[in-house]
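In what comes next, chain A is part of two complexes: it sits with chain B in the first one and with chain C in the second one.
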Partner chain A sequence: MSNINRRLRKERIAKILMQASGIIITGSLFFIIGTILYKGLPYLSLDMITKTPQGGFYIGKEGGILNAILGSLYLAGLSTFLATLIGIPICLYLNIYSKKGSRISRFSKLVFDVLFGIPSIVYGAIAFSIMVWLGVRASLIGGVITITLLTIPIVVRTIDELIQTIPTDLNHVTTSLGATRWESAKVLLTYIKPGLFTAILLAFGRAIGDVAGVLLTTGFSDNIPVYLDEPTATLPLAIFFQLSSPIPEVQGRAYASALILTFIILFIVICTQYLASRQKKHKV
Partner chain B sequence: MKKKAKNLLPVNYRLIKDLVIKNLSGVLLGICLLVIIAIVIGLSIKSEPLISTESLWNILSSSVWSPMKGNFGFLPFIMGTVWVTLISLVIAVPLCLAASVYLVEYAGNRLRNFVLPLVNVLAAIPPVLYGVWGVLFVVPLIGNYIAPLFGISTTGYSVFSGGIVLAVMIFPIMVSIMVEVLQTIPKELRSVSLSLGATKLETIQQVVLKKARPGIMAAIVLAVSRAFGETIAVLMVCGNIPKIPQSIFDAGYPLPALIANNFGEMMSIPLYDSALMFAALLLFIIILGFNLISRGILKRMEAKNI
Partner chain C sequence: MYAIPSIETEKTQSIIHQVNPHIQIKDLNVYVEDQHILKNINLEIPNNCITSIIGPSGCGKTTLLKTLNRLLDDSTEVKVTGSVLVNGEDIYGPDAEVTHIRKKMGLLSQKPFPLPMSIFDNIAYGPKIHGNRDKKSLQAIVERQLKNVGLWEEVKDRLDSSASKLSIGQQQRLCLARGLAVEPEIILGDESTSALDPISTQVIENLLIQLKQDYTIVLVTHILRQARRVSDYILFLYNGEVVEFGRSEDILLNPQNEITQQYVKGFIS
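This part shows the complex of A and B:
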């Protein structure tokens, strides 16, 4: 015990090391955004977000990536919409219609956990083989289906967690007033409304940022998609393709595109944090 | 009068509505559960041609990858994945553990509420942006500064770069699970240890971390399964040469990158798409296994605490 000084010194050193690792981890976020900002800002222009690629865009001539931005928004919007439409009833079924802790609900939760963990490249590969088998070419609809499959587990898991936080009294009260299960489900959904939007936004963020899933299924095109069966450009894929170009001008545009994607993601994150804080207030 | 009718008739109507919705959502659930079965069956059927031509062991242990000649050895890709994942773990585990311990044991509420949302932002950044960051920063850093220190010349596109990018990508999942696990350790345990005269660090080492060990393992396993499946960010910085990496400065070619790079392009070569589907199946099985393991550990911890 005489070496208490040594023990305390050890503690101080360990504390500094821990602080340093904390700083490295949080710092990496600012560092990543900073790097993209620094490289992308000089190339960012109004043309980038208002024009589609013109002739010779990929050798550094005029144009923008409006096609990719819109393509990504369409793709993410549609698949998030579908995933919500499918995900919410599933959550209701798991939490309201089936008994708590029943075999079916436990098994389903396990399956959604597993589906959540499957990398998007596997989804993409399977969707692509099915498309080849059916003779469908790479198109917006193919991407939408793949990304919907990818986002359903996110929606289900997030909403499921939200429903767990609802006080059981609420359910008891509505039921005792004579409501059917669907009617009390509507009450529960109103209760978690801000949280619902958080779940949807999370799914949207994941959908808009995914590359591996759309790489094989959605294709690429310089036009803004009008129909579901057209190949569609997506923002992450545009970044990926432009970055692999040897021409500095095109690479610069990749940085600018990355910056645009960063802005979109940060916007989504801010919205989710805001909604999550509202859900917290809601609870009290 | 009208209102009464609306209220009387409804019981049936409302029950029917309830029933319809119940069955509809049940069907939706059923379809989603079928997806996972469809994935397994689809992958197995597609990779069957390859497995039937050669033994599983040969495919997994051969390091010759020349699809033109019909040689499909997966060892380089498996090793590529293993290298990248190991490097990322070596970087991420100590950092995340130290940071999580600090956040739970030393930091005040304000700091914690400031840092954890930031970590969540890190989780929201799409892989392709990590890839861009890797190409812009990590690759030149390694190619121009770190590798020359060891007297090696490389472009920087190496498994080391992949490992660094991947490490940053698994920070959020590790930190959030580790923080959650550490928070479940009862306060009394700490008080007892502190009252016996242990310093805070000793308490953490001897009591908290010991108690939290299974949870920390679960966090690591889950992070590994995330790392295994990561495609695009690693693909962008890894070099993609189908050879077994000999050092951390060699280029590697992880499994997901193999699928992403070649799918849909070389369908005319016999067995090629079967081989790629086999790669997907391999990934699926490994990730499924890891997921189940970490889930099991976390479940057991929960059960013990209650």
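This part shows the complex of A and C:
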């Protein structure tokens, strides 16, 4: 009897712990959104998202952060695109072309685990030293290269996890129908399509929110970038600069910028989930 | 009842002379990670018959089946020696082209695994990758193969809906139709009914019996009663070795080897 009581007590403790973690996580999300809404909403104006900084913007005068919004979207969009373009073939090679558990696939997975864990400032520093050596100034392309390197491991790791969940039967089915590896790979991609969007989203989220990687490589500019070799403003850096200002008006705008960044990410999450749910039609 | 041949080898020899072998296995050895899984297999699988591979778990039944369409190729640390001749052509030979070999053999796996596409596309997938782009011809193939497995009447109005919405039994028939659509010569079944209910099992078994007119069928099964119901020939594998091979009634009713006797009587499983 005492045994069953002890087991039930453990059951209750486990349940309380799980509920507590749930509350902490959702609580912090609401706290973050609440804070930026409370501090940022009064400063959010149409000017903020339609204008670039005018003279005196950083001391509380006219202008907006359109330069940083577009800069971040260009940077994150391009990097995610490139990372996906490079990451998917790597995953297909590791899972379909190379033999399961072979030395090269195990070694590559270790490499991506290590790359996954390297802080973005290290990528930034390395990219910066290469740029100095090449005589290239801080620019959009510098940022894109750095952030692409940063997001490739994310894309590879997430897609690899996805592929691991697929039964080997899928490969057996296609190969036993006489499919080549490439044809099998195409079926595999259709199979993981809904999850693919999540992988791309994760990479985009990391790319748009990264500060350290762009700090040294992308620079900052009040103008909207037109060419790849121009310095480019990014939202996280715009938030950082405004927040360091002693002027309350500018600090308030920093929270408004944070609000914009959060909404961009929220918008992309919703779009991704919608696309993913539409793709589930033929999921087994 | 049955005439007992004096020695086993003599009996095996007599079978080989009677039938027309479709698959000839010569001195086949398979090693997986230094373990000797299949030991010196010599075998002739007859044309247009159902041959069942029986034996206890882990005796190498599935490995032997996978050797036949080179599905083991994708695993590391697998070593295959010896030869497997299909219509006299060595599929492990230097000139053998693996996708071509696999096209000749339809595989029906343990659990039905529809591809993530519609019913129509599941069947049309094989012909499409082999170059058939003609819509009318694809439609004809889909209809013919679905009729072949008795699924046409059940699905003809929803060919565009997802294959995963079918019942498990229907899915397995779909997988069989998908395999037949690439016009194989041989059907390999790896415990193909183990995930099915008794009625679906019966449907699949009856289908296989009908199909043997046009195909050579090799089944792996761990159900002796199934082997009795469907097979013309039975191969008993034990510890990766061929213990006995012969006509189904001979193996089941009158096994020559002591281990076969014990397995058939249910003392080992």
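In this text, the second predicted complex is superposed on the first by the 241 of 284 C-alpha atoms of A that agree within 3 Å, B and C clash if a C-alpha of one lies under 4 Å from a C-alpha of the other, contacts with A are read in each partner's own complex, and residues count from 1 in each chain.
Convention: a contact is a pair of C-beta atoms (placed from the backbone, for glycine too) under 8 Å apart; a residue touches a chain by one contact, two chains touch by 3 or more.
Note that the coordinates shown come from a computational prediction; the quantities given were computed from them, not determined experimentally.
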{"item": "Partner chain(s) touched by A:Tyr191 [first = chain B, second = chain C, both, neither]", "value": "second"}
{"item": "Which superposed partner A:Gly101 touches (first chain B, second chain C, both, neither)", "value": "second"}
{"item": "Touched partner set for A:Leu243, first chain B, second chain C, both or neither", "value": "first"}
{"item": "Touching partner for A:Ala258 - first (chain B), second (chain C), both, neither", "value": "first"}
{"item": "Partner chain(s) touched by A:Val269 [first = chain B, second = chain C, both, neither]", "value": "first"}
{"item": "First (chain B), second (chain C), both or neither touched by A:Thr180", "value": "both"}
{"item": "Which of chain B and chain C A:Asp169 touches, first, second, both or neither", "value": "second"}
{"item": "Touching partner for A:Ser120 - first (chain B), second (chain C), both, neither", "value": "first"}
{"item": "Which of chain B and chain C A:Leu228 touches, first, second, both or neither", "value": "neither"}
{"item": "Chain C versus chain B, contacts on chain A by residue", "value": "B"}
{"item": "Overlap of chain C and chain B interfaces on chain A (superposed complexes)", "value": "180, 183"}
{"item": "Chain A partner contacts - residues on chain B that touch it in the complex", "value": "14-15, 17-18, 21-22, 24-26, 28-29, 32-33, 35-36, 39, 42-43, 46, 94-96, 98-99, 101-103, 106-107, 115, 117-122, 124-133, 135-137, 168, 171, 175, 197, 199-202, 225-226, 228-232, 236, 256, 259-260, 263-264, 267, 273, 276-277, 280, 283-284, 287-288, 290-292, 295"}
{"item": "Of all residues in chain C, those that touch chain A in their complex", "value": "69, 71, 74-76, 99-100, 102-103, 105-107, 109, 111, 113-118, 125-126, 129-130, 162-164, 175, 178-179, 182, 188"}
{"item": "Contacting residues of chain A [partner chain C, same complex]", "value": "99-102, 167, 169-180, 183, 187, 190-191, 281-284"}
{"item": "Residue ranges of chain A touching chain B (in the complex, touch as defined)", "value": "1, 7-8, 10-11, 14-15, 17-22, 24-26, 28-29, 31-32, 35-36, 39, 86, 89-90, 92-94, 97, 107-108, 110-115, 117-122, 124-126, 128-130, 132, 149, 152, 156, 180-183, 185, 202, 205, 208-212, 215-216, 236, 239-240, 243, 254-255, 258, 261-262, 265-266, 268-269, 272-273"}
